[in-house]
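Read from first to last, the chains carry the letters A, B, C, D and E; within each, the first residue is number 1.
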Amino acid sequence: ADRIKVGVFPSSAALPFYVAVNRGYFKEADLEIEEVPMTSHPLTVQALVSNGIDAAVNLVTLEGANMESRRPNTLKYISLNGQNAQHVIEQFVVKADSPARTLKDFRNGFKLFSAPGPANIGAARAVLRKVGLAEGKDFTIQEQQIGVHLGALQSGNFDGGYTLEPSATIMVAQKVGKRIEAGVISTYLLGNKSASAFAAGAVMSGRFMADKPDVARRFAAAWARGVKEAQADSSARGYLVQGMKVPPELAATVPLPRIVMARDMTPADVGDFQKFLDIGTELGVVKARIDGKALVRAF
Amino acid sequence: MSTHLPIGTAAPGAADAGASHRWYPKGTHITIRGLTKRFQDATIYDNFDLDIPKGKIVSVFGPNGCGKSTLINMIAGILPCDSGQILFEGKEARETRIGYVFQNYREAVFPWLRAIDNIRYPLQYLNLSKAQQQSRMDRLMESFDVKLDLQRYPYQMSGGQQQLVSIMRALVVDPEVLFLDEPFSALDYEMVMFLRERLQKVLVERRTTTLLVSHDLDEAVLLADEVLLLTKRPTRVAENLPFDVARPRTADTTITPAFIATKTRALDVFQREVRKP
Amino acid sequence: MSTHLPIGTAAPGAADAGASHRWYPKGTHITIRGLTKRFQDATIYDNFDLDIPKGKIVSVFGPNGCGKSTLINMIAGILPCDSGQILFEGKEARETRIGYVFQNYREAVFPWLRAIDNIRYPLQYLNLSKAQQQSRMDRLMESFDVKLDLQRYPYQMSGGQQQLVSIMRALVVDPEVLFLDEPFSALDYEMVMFLRERLQKVLVERRTTTLLVSHDLDEAVLLADEVLLLTKRPTRVAENLPFDVARPRTADTTITPAFIATKTRALDVFQREVRKP
Amino acid sequence: MSLAHRANAFGARLRPLFGIAALIGLWAFVHATRAVDPVLLPSPLEALAAFWNGLAHGTLWGDFFKTIVRTVTSFGLALVIAVPLGIVLGSNEKIYESIEFAIDFFRSTPASAMFPLFLVLFGVGEATKIAVAAFGAALAILFNVAYGVMSARKQRQLAAKVMGAPRWRVLTDVILLESMPQVFVGMRSGVSIALVIVIVAEMFIGSTDGLGQRIMNAQTIFDMPDMYASIFAAGLLGYVMNLVFLVAERRFVHWGGK
Amino acid sequence: MSLAHRANAFGARLRPLFGIAALIGLWAFVHATRAVDPVLLPSPLEALAAFWNGLAHGTLWGDFFKTIVRTVTSFGLALVIAVPLGIVLGSNEKIYESIEFAIDFFRSTPASAMFPLFLVLFGVGEATKIAVAAFGAALAILFNVAYGVMSARKQRQLAAKVMGAPRWRVLTDVILLESMPQVFVGMRSGVSIALVIVIVAEMFIGSTDGLGQRIMNAQTIFDMPDMYASIFAAGLLGYVMNLVFLVAERRFVHWGGK
């Protein structure tokens, strides 16, 4: 069997991977998978560059784009994870007992935290600006590690924040917080509630695809099967429990993104993706404007 | 004083009639009773008694390792004893003004202070005004007339110079009790002669109770009012020789019959004790 | 040997005719030429010359702080000199088997080794077999016949006992050159007597070049083939008194006219030098 | 007397327990007063229960063991490299001065900032975690050993030199022993640092096991009892490893302070 | 002679530069051989340029300054608390033994694992960063000072006692000075640890400035020259702070090793 090292960042978007592993899709494709756990996206990028891994099941697109612009042909996305109001990932939350009902209620020095990284805080700021709020006057925002978001709400240090799944689900389940609005990137930045914000996706390293095109193709095919199952079969969610240590009672409710294989992208998707990348460039997260079509590879 | 009378200790026969409630002879400054000290396996003192007279110079002469330094440390209150009592006219060591020239003089001076500050150091615990402190220092400097550069740090001095600093530090407080543990061992001939003369004068004048350890028998006898001869371990008092020739005693004293007699006697006792198996 | 002849140094007059190429007298073991040593501001030695004869005992007598320990340290090669040369029959200090009893004996023994291992320590650098090493140790133990418990660690010993260990450590290697810096300062009367006798015997027998620093003039003269009198700083040789009375010398020697003459002379010179302003 | 002595010795043995008791007492107090929301700070009992369950029925022991292995490995590596190097550097002030910059530089740089560099050098596997922890521990040991050697008193070294000891024997026989107390400080600092870095590496460099990863996971899913149980395990491990050196030092450096 | 002496002294002054030079040389070599992908490891020149630009035209100086202020504050706090406490604890072995557990426990627990607790206690503002760094530094200082006090030689303490010094004066006049070298080790460890924790806190506790946040951001957007420039700034800061203590020690502990 051909060995392939796959970076996995524990998030719900890794579900297709767990499905493919547990249901033997990779084995059927004669692939021997070595799972390399990743704790951050920069780490994933770094591992791709230095050949520590051949592929990664989820990588933030802005990071990938940024690396492509600095070092072309480092990686290509084989599938993209779209998020919006239905496929919830990013969202604003507030304390459970907060009077705030909509984003517009974030007034009078509303204290917000944000998921870490320039992309997240940049997006949060841009959304709030679109809503018509002024930073400093209406709200303040500060990065916090996802791990402390619940504590930040609970201890009263913050009124609300911009967080990601599965943190929000756990907050709601623990009755510490409540959702205000999800899918804000699509709604406010892409300008269409049902547009997909392709914030992450599965990648393969450029060198891997060049050196072992056949292995890469088989991996992509097995991955596509996993993607399909993950979205069609709700029993597949059970794999999240062991894979990313989500509490079993929450596994069923953790939202999944809309995962689209590169070959299945519609023209609207292509446009949304480009728009999303351009926002990244605007935020200064991506070094130079990059063509979305060049960043994906269809198998 | 009698408040410290320990119950169950027999009054020694030497106690004079006029003060039969005393369990130590009159004129005693330091009383040691039932002192016991062990180091791991070795017993140094076992039920040791001693009276050190007030205002006298007692020379201690004994073989290496018999426990002279140990004894002084226990009297000075810096080494605990296993049992027994040590009293200063009914006081505690802490309440007494003590001067101590350590045998290990190099390790007892403070290397972070200049020699002059080392000497001045103990003065601050005497409740003296700045002016009084200074006058003590001046008096000391005058009486020693040292040609030594006291602005140096101890580690910049020779062994003998450090020892001299140590002696001056012990004397500056005008101690009630002075312990001299081989205080001249590193000093040159001239300095030893000078100090013998000076110390006699000062100590007798001020009636300082002094315990002098010396391995130089001439010196031990010359300076002493009493020569205390110790045995090997477990240590006892082999003999306590009084030597009350008039002072000042000089090199000439060493050829007087009284001196020679005492010295010979001391040597006899010492050698007998040391050569015991 | 003459390879070490320094250019520009005048041959001293004392060099005998048969070896006019020598710049030191015949029978010299250690030659010191133009030695200069400063500590910060203070000049200790300035262009100091000295010849130490081979196989003899030289006593060094001088005031505190004149630089006796400093001199020995420079000869032993553990203190750099500012300029000048020190040669061991044309060799280096490193190539010579040296025994050294430090004035600061407490800090020179190894507290992590038992006394016996401290004494044995230098043997390993002598290229001896294990059996030879043991026989050296046995011979030493025998000739010292110590009643001391050598299984103790130094910090469990009295000052005198530590000094004795230090002396034994210096002697065990059967040194070519022996430095004794106030080696008996903490030893008891009996031990001093014993060591004076023993050392004379051993050193003369083995023709060990010895430098003895002592502030006890009796001792310095008694043991010496030559008494070296030093001045105050900057240090010069005030006088070099030979003393060649037959050995063994005992307490009886100290009442011979030769001894008294030498001692008196030494004292005169010493006091004259010390009292110079 | 002997009885009192024994009771005393027993008390001395138990003394560290007072410290633990005080700490847990404080924790229980804070919890009881609800000064901190119980969701964020569980009671000591909950944490202890999580600890116990984790050990008895769960995977805590496996993670614990992994962390121990990594810590010991990296500390051993650090020791082997840093002690000899520290002695050599310390005894050669010129060389030390010229590399002091590097030592102080890296000592003052967080291990997590070094991760990218080590990832580049050692890849994303086990090697990086061990290497970066060994590096951090080695710096601490090196720093302490070199310092101890530099500030060791000179008299005994000179004595050894006079006795004919070659330079390297002076190093091993005298300088090393003279600076032993400082070497032990270095080892105790080193073992704590190795543990800290291993845990941080387990947190931030991909890992599927180890206490660090456990802390991180527990934090992500807000399982506070398990998080504190893991932290407690880490601290306990650190204490025990320190204790080993403490006891070793008491035994070995019998001459200390005398 | 005086000239040679001066040249020598000059060489000694420059010696630390050799260390920097060697480090940068190695870096340049690795970069030149492309052993590491240049996108991950920029050339020293690029990093230097980023450093320089950041200082001259950019925001590096602001972040640098923020980190300095935080480090100095937390270190100062740690010093004020830990030195007296260390002396007291060190001179009282019984108390020390009972809190040793806590000291070793927390020394062996990563600061980042402590963040949640400190966030709960001190909120998300500046206070947490300073508190957690001060805590870490205080532990290191405490550990070293107490150790120094405990293993200080006894002779001089006894001498002071005989001279009538009360217990607390023995502490300040003798024990403290006797253990000065170890106190300096503690301070140097402490200042490095304070810096490390401040940077880690800036990385992981919400922060809008400081070198840590800068490193983190640069890493996220793969601006490696800026990342290394920031790391370099942190290391340099650490070195300089260590240097201050090094020089202070040379001046102050003039009797060391003698």
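Note that in this section contacts are C-beta pairs under 8 Å (C-beta built on N, C-alpha and C of every residue); 3 or more make two chains touch, one makes a residue touch a chain.
The chain lineup, named per UniProt: B, C = ABC transporter ATP-binding protein; D, E = Putative aliphatic sulfonates transport permease protein SsuC.
This structure is a prediction, so every number in the text was calculated from the model and none was measured.
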{"item": "Both-way neighbours, i.e. chains that touch chain E and touch chain C", "value": "B, D"}
{"item": "Neighbouring chains common to chain A and chain E, by label", "value": "D"}
{"item": "Top chain pair, ranked by number of contacting C-beta pairs", "value": "D-E"}
{"item": "Per Cα centroids, the chain farthest from chain C", "value": "A"}
{"item": "Inter-centroid spacing, chain C versus chain B (mean Cα positions, whole Å)", "value": "32"}
{"item": "Computed distance of Cα centres, chain C from chain A, in Å", "value": "84"}
{"item": "Whole-Å gap separating chain A and chain D, where each centre is the average of the chain's CA atoms", "value": "37"}
{"item": "Set of chain C residues in contact with two or more other chains", "value": "104, 107"}
{"item": "Residues of chain E touching at least two other chains", "value": "36-37, 40, 116, 120, 153, 219, 258"}
{"item": "Residue list for chain A, restricted to those that touch at least two other chains", "value": "42, 46, 50, 147-148, 151, 155"}
{"item": "Pairs of chains in contact (touch as defined earlier), listed by label", "value": "A-D, A-E, B-C, B-E, C-D, D-E"}
{"item": "Chain D residues within the chain A interface of the complex", "value": "36-37, 39-40, 115-116, 119-120, 123-125, 203-208, 213, 216-217, 219-223"}
{"item": "Footprint of chain D on chain C - complex, ascending", "value": "73, 76-78, 94, 97-98, 100, 102, 104, 107-112, 121-122, 125-126, 153-155, 169, 173"}
{"item": "Contacting residues of chain D [partner chain E, same complex]", "value": "12, 15-20, 22-23, 36-37, 40-41, 94, 97-102, 104-113, 116-117, 120-121, 140, 143-144, 147, 150-154, 181-182, 185, 188-189, 191-192, 195-197, 199-200, 203, 212, 215, 219, 227, 231, 234-239, 241-243, 246, 256-258"}
{"item": "Of all residues in chain E, those that touch chain B in their complex", "value": "153, 155-156, 158-166, 169, 173-174, 177, 180, 253-255, 258"}
{"item": "Residue numbers on chain A that touch chain E, as the complex places them", "value": "41-42, 45-46, 49-50, 63, 66-67, 70-71, 74, 113, 116-119, 142-145, 147-148, 151-152, 155, 157-158, 284-287"}
